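Take this structure first; my questions come after.
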Amino acid sequence: MSDIAVSTGLLDRALRRITTAWREMAAGVGGDDGESVGAQMLACLNARGGEVSARNRAAKLAQTYLGLDEAGRREFLRTMAGFECDAAAVAAAFETLQSAPDAAARAQAQARLRRTLEPPRARLLTQFTTIPDGMKFLVDLRTTLLALGKADPLLAGLEADLRHLLANWFDVGFLELQRIDWSSPATLLERLAGYEAVHEIRSWRDLKNRLDSDRRCYAFFHPRMPHEPLIFVEVALVKGLAGGVQSLLDQKAPAFDTRQSDTAIFYSISNCQKGLAGISFGNFLIKRVVSLLADEFRNLKTFATLSPMPGFRRWLDAKLAEEDANLLSEEESESLRAVAKTDGEATSGAEALAALLRRRGWLRDAATLRAVEPVLLRLGARYLLAESNGRRALDPVAHFHLSNGARVERLNMLGDISDKGFKASATLMVNYLYDPAKIEEYHESYAGEGKRHASTAVRRLARGWA
Amino acid sequence: MSDIAVSTGLLDRALRRITTAWREMAAGVGGDDGESVGAQMLACLNARGGEVSARNRAAKLAQTYLGLDEAGRREFLRTMAGFECDAAAVAAAFETLQSAPDAAARAQAQARLRRTLEPPRARLLTQFTTIPDGMKFLVDLRTTLLALGKADPLLAGLEADLRHLLANWFDVGFLELQRIDWSSPATLLERLAGYEAVHEIRSWRDLKNRLDSDRRCYAFFHPRMPHEPLIFVEVALVKGLAGGVQSLLDQKAPAFDTRQSDTAIFYSISNCQKGLAGISFGNFLIKRVVSLLADEFRNLKTFATLSPMPGFRRWLDAKLAEEDANLLSEEESESLRAVAKTDGEATSGAEALAALLRRRGWLRDAATLRAVEPVLLRLGARYLLAESNGRRALDPVAHFHLSNGARVERLNMLGDISDKGFKASATLMVNYLYDPAKIEEYHESYAGEGKRHASTAVRRLARGWA
Amino acid sequence: MSDIAVSTGLLDRALRRITTAWREMAAGVGGDDGESVGAQMLACLNARGGEVSARNRAAKLAQTYLGLDEAGRREFLRTMAGFECDAAAVAAAFETLQSAPDAAARAQAQARLRRTLEPPRARLLTQFTTIPDGMKFLVDLRTTLLALGKADPLLAGLEADLRHLLANWFDVGFLELQRIDWSSPATLLERLAGYEAVHEIRSWRDLKNRLDSDRRCYAFFHPRMPHEPLIFVEVALVKGLAGGVQSLLDQKAPAFDTRQSDTAIFYSISNCQKGLAGISFGNFLIKRVVSLLADEFRNLKTFATLSPMPGFRRWLDAKLAEEDANLLSEEESESLRAVAKTDGEATSGAEALAALLRRRGWLRDAATLRAVEPVLLRLGARYLLAESNGRRALDPVAHFHLSNGARVERLNMLGDISDKGFKASATLMVNYLYDPAKIEEYHESYAGEGKRHASTAVRRLARGWA
Amino acid sequence: MSDIAVSTGLLDRALRRITTAWREMAAGVGGDDGESVGAQMLACLNARGGEVSARNRAAKLAQTYLGLDEAGRREFLRTMAGFECDAAAVAAAFETLQSAPDAAARAQAQARLRRTLEPPRARLLTQFTTIPDGMKFLVDLRTTLLALGKADPLLAGLEADLRHLLANWFDVGFLELQRIDWSSPATLLERLAGYEAVHEIRSWRDLKNRLDSDRRCYAFFHPRMPHEPLIFVEVALVKGLAGGVQSLLDQKAPAFDTRQSDTAIFYSISNCQKGLAGISFGNFLIKRVVSLLADEFRNLKTFATLSPMPGFRRWLDAKLAEEDANLLSEEESESLRAVAKTDGEATSGAEALAALLRRRGWLRDAATLRAVEPVLLRLGARYLLAESNGRRALDPVAHFHLSNGARVERLNMLGDISDKGFKASATLMVNYLYDPAKIEEYHESYAGEGKRHASTAVRRLARGWA
């Protein structure tokens, strides 16, 4: 118990200094509200043990925050962010650590230094966990901080503290995997539909189709946010690799007889809580679901995604604009020019392709498609396997799946013919294959050496025409 | 994401240094087992992202530990404790912090310093949370570390890290209050009986009596240890303050008609997990239960404990031994000598009292009781209100309840006439009163100024004969 | 056990006779299928104890039925209906009863007669209860039998047996009341929307509005049909009697603050299972819900319905057609002719009213409404309180609520301005008031003497102009 | 609805007659209480629709009953039993049936006759189902009626009606199978221990042993009596047929590794509700549990019981007393006389055996055991396979299992060496084997031709020495 006393003593002194600092700061921003918010926070921190009333104080503070407008919230958060570490105490603790005579003293000094580095604002944040829906409150608070922190270093510090706490609380060991189906509560399904970020859920009928007998949907939940999914995945049980998302989303298609299924297609993974950005569980979700499905359906042999290539057009458009001579082979250029029919306007294959990508009609023209498809598939493979952002794959979805230990299995022209699909990736979609026997190895070599695994066909495509 | 990369880089370097250090250490302790355990731990730390196999590695490590004998476990834990912070990295990070040019840099440097202070062994510990029953494994690990750490500074450091983690995970905001009754699972009830630390549960019949219609029992649970109570309280609904525990534990007594009850007596509070020592929830438990009972039974007016005085006899025996002249009044001494009938042996009242306390028979002798009772009550009150351990009440139970905001309400002679009660407190028991309207105030003044609140009667008793 | 033996003996003989009869019958209808179905049924009945295989046989029989087309099902049911009582055995048992020498013999003979009156087809039906979803199968079977039995006395007998069994199994003592809200499973909500028979549920949004915080929805379920509601009621918590259903169904209206509510309006009660026709639980449902609501919302003072008058226009149109001279007062006729503006076409008030009821526009014309409203309210009151079908109220909804002990409280012009409301009741709706203190008395006097209770205002209206 | 009216009319008339009859009867028994009970019942029956107050009346009636002493209850039940069928109405309905002109009229007349045969007292009984715990009330009521009915034909009739109702409500289709283990509520486990009728459960430790990891316990429950088991079975998972119950009940024996188990031994089946006597579910329970275990443990090859032979000694003692010359072979007689050492007292083998069976000591004497064992095994086999009660096996447990389709597999000397086992069956126990592939065939041939199946060894034993 004696180190608690020490810690309380330290804290008292720290608070005394901070209080002075904060008073000046509060005087700076002036205003009654500012003062009362700061005073509330100080009361939260000063209270030395009345935990029940601490909870009431935290609840009141949360209500104060929720009652504020945008500017008020910003000021509130800045006030909270002002409860930083006591630099002098940190320095003193470091001094003690440096002069520690033996292991025991060193351990104690390290613990003390660690405590001085826990800013009072982190303790303030922690107190919100005790109020009902407090965890959701903190997650949403981080959403706000992420937006505000870009321009405000003080708030960025508070955001970092909150992230540290959330990463601890949302450790995957605490999460619960739940299956979601058409028997789930309507409240949950409604929320899910709102969170779907990959392929918009347009109606209850659309949703019902995604929860049919040939589908599976799983989500992670946290015990302190029991009605809020954190991330969810939608899976279709099919025969053979599915290449196009429209047929999966077709509400009129009958449910597939799952006894015939040999392949599980993960066609949508959505994070639900912006406030948990950077705290990753998608990786776990896929692997846990692969293992559940393998148990339930003994016939499943292939586990793969059907994924978008969100950055493909952005990259391609830039390449086309800079007229990179190595982008297209002569043969390709010629056939593109032939189908683009831009009457002399397009003097290069790149210009012809750019022109085609500005209009959608050619998708329905077999001859054009014949010319465009091989070019786009080749460039798509190159984009996925060769283009980089530092050591990572340029495409963020590719980076996610490669990090998880998947490999690029197949590219699909006309994989997503919606407006969104056309604009983002010229209808290309990609299957990433999760081979349970290889996941670890692939993960390690991508994380270590940046090696991107792919099927022979895709590797050949990426090598291209040269 | 870039700070993760930084952190990974730091970690890599730290691990390289530590690996070398550990190899030497392992060479020191020699032995194949030692090496393989260290190698397993290193593998757990090195793995840069294969979380699923990380879980498998953690599970294997836990099994290795559980398969060891006492000496093996000690060595295992010392090996783990060896994964300390990298002192050089800490120093470098502090340097960076000192020279940080602005708030943003300072925040980042603080975060980095904090990370360097998180020893790899803490990350090792965290990985056990992902395995089934991992949380219970960690709690039990701390039980072992608490025992071993007293003599071993290295293990004391590991214990401190584990405590820090557990305090975070077992924050009261994460706990679930459950009522326990005779409909609860037998597994749980059996466990409860084993954990009862105040008044031993002797049989299923004894247990059933404590869960009768005039009783309530509540426990805190953690979502990651769903079948393990953390702490529980037993309450009797009675009329008027209960002064003796034997009547509460009488299995043959009929259940009291709770519509007549005006008082809730908390007659037993037991912590169940030694590994959570120092992480306190008793305070919350009492207050939450007071609030639940007040809701359920509108007639309840008094919330009080019936508590032991575990240190009374130890203190009194010492006082008697040192022949403190101020301990007893002359009158008291005389009457004690009269009933002790030690035939001139006892030349002082203290000796007479000491002689009586060595034998139990006088409890059943009305005349002796008449002489002894006022003396013991007075000394008991003095012991509770005036004797100190630093700024705290000397009696640990008194300290606990005074810290929670209770006051000393009444002392009860013959409150516990069991062997245990006779030996620990000469049968004295005490009621602490929880007055919802005063809890905060009493808590604050005890925590702040060390003020111990008590009823007028007890205060008068404590003032004594002088 | 000996009477089982007797009964088995009887049954054997009965089956022997029936088998012969059935063979002839089956020969009559010919066909392989007919024979195999009959043989299956016989096997179900003959099996003297292999209950597990009995279950399998019943499951197979159910599957056979479900695989048949309409004509096949009819034949199946006729075959089953052929397993009637053994008339000779009935006669013999009656003989024995008549000559029973004493009470004991009489009791035994009665029991035996009762058993001979249990037709084998009833035992066949009972066997379906053992298969999964067997209860729903039987309920749906009765739906079919109700349709077919009108024209086929043999099937009518089978239907009566099934009704008898269902009435027994669906005794209100076995039903479970459940609240349904927006957290209920989507499967259940979807089913509910399909079963709503009073005010169609048009969309999920419409449904959500009916499950908002100012609404309550309760349904009865049977433990053997856990996912199928039997009957449900929708309630709105409002201030004052609600007179119009459109405002209750307005999806854009904000939820009412239920702390202000003094009235619970039951605005929709729907039976879900046609196969349970004539087995009534609506009565219980309303009373149980009244009691639940009274517990939950202490401010509620009034419990009333907002109900349709489904037979009003049918009755009124007939009256108008027969030019009943006593239908309208002279004054009423005059004002109706004035607003009908049919230019001499309508020579009577009745003709004018009939003309108005053929077009909807006048609802939006204040002057017309002023003329029509008092007439329709008066006639509506007369229709509810004076028109009869035997001893019952002519209007079936009125009969239902009056039977339950409600009284007619208020009529509302423009209560339902939907097409359906205009066509069925010229927009009239009615509030039936459930006064817990009067329910029993009102119920008794309606059930006994046919007395219809109503508020003073409605009674005055019904007395009319004479 | 019209036939309800008819039925109500009939009922009214019936009640009028009965009322008169009952008044006379009540006058006979006199007493205020008698009158008021009868009046209460009449009120229950007369109430024409106020179902909610009907429930209240039923609850009051039940309370009245529970408040009575034994004599009062008997009078209460006689009063209730007095609400018999109306003989004149029965006769009239039969008349109508006889003269029914066609199928439709016949069906209607049959239904009517059936209704007249439903005595008002059955409707009274049914009303108790609506009150909380009403089903348990009725089950317990039948326990009482079974005891009283033996001497009182009027009560026997009421008992028969109640049995008929209960048989309907407790149809196996409505029952729920639940596994019971050490995690089950203590309330349930305590009840279970009280209901165990085969091998007494002596303590919580004994109970825990029976719920260990190598055991299974399953019970049937009814949705209207959710906390009351109806029947339960205890199973041990072992290797090879278990022959002795003491080793199964040994609390100190470690749990068997179920991966090694090839045999499931059903060692105890207990009916819990005396009031459900004659309504059998044991049969279903065994078969459902066999199927569950076969699913859970793929290694199980044998499903058998370890059962007592409760009537063996009774039969054997009678045989020995009557000095049946064919009971023992000369050789057997000689060896029995040799070990009985009764010094000439026992002049026959039967006398020697009788003398041995009067003392227990010989169980521990190897030589005696050697002489006695073959004789007892042979006689045991004969008792099971050849001795009859009508067409049934004389032993009631044998009859139960043979009816269910089991065969006699093995007899075990020293199978139950408790006092109870020694007295009932001279320590013999028997394994009945349930071979899923044969159950139906064996069941049919026992039920049909009385054929008792047994293993070759047991059949050979039973054939004996002749």
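Quick notes
Labels A, B, C and D are assigned to the chains in the order they are written; within every chain, residues are numbered from 1.
Please note the rule applied: contacts are C-beta pairs under 8 Å (C-beta built on N, C-alpha and C of every residue); 3 or more make two chains touch, one makes a residue touch a chain.
Note that the structure is a prediction, hence the values are computed from the model and not measured.
Chains touching both subunit A and subunit C: none. Subunit C has its Cα centroid 63 Å from the Cα centroid of subunit B.
Separating the CA-averaged centres of subunit A and subunit B is a span of 41 Å. For subunit C, residues touching at least two other chains: there are none.
In this structure, the chains touch in the following pairs: A-B, A-C, B-D, C-D.
Across the complex, subunit A is touched by residues 1, 48-53, 84-85, 87, 90-91, 94, 97-98, 102-104, 106-108, 110-111, 113-114, 117-119, 126, 129-131, 134-135, 153-154, 156-157, 160, 164, 168, 171-174, 223-224, 278, 283-284, 287, 403, 405, 439-440, 443-444, 447-448 of subunit B.
Interface residues of subunit B, counted against subunit D in their complex, comprise 182-190, 204, 208.
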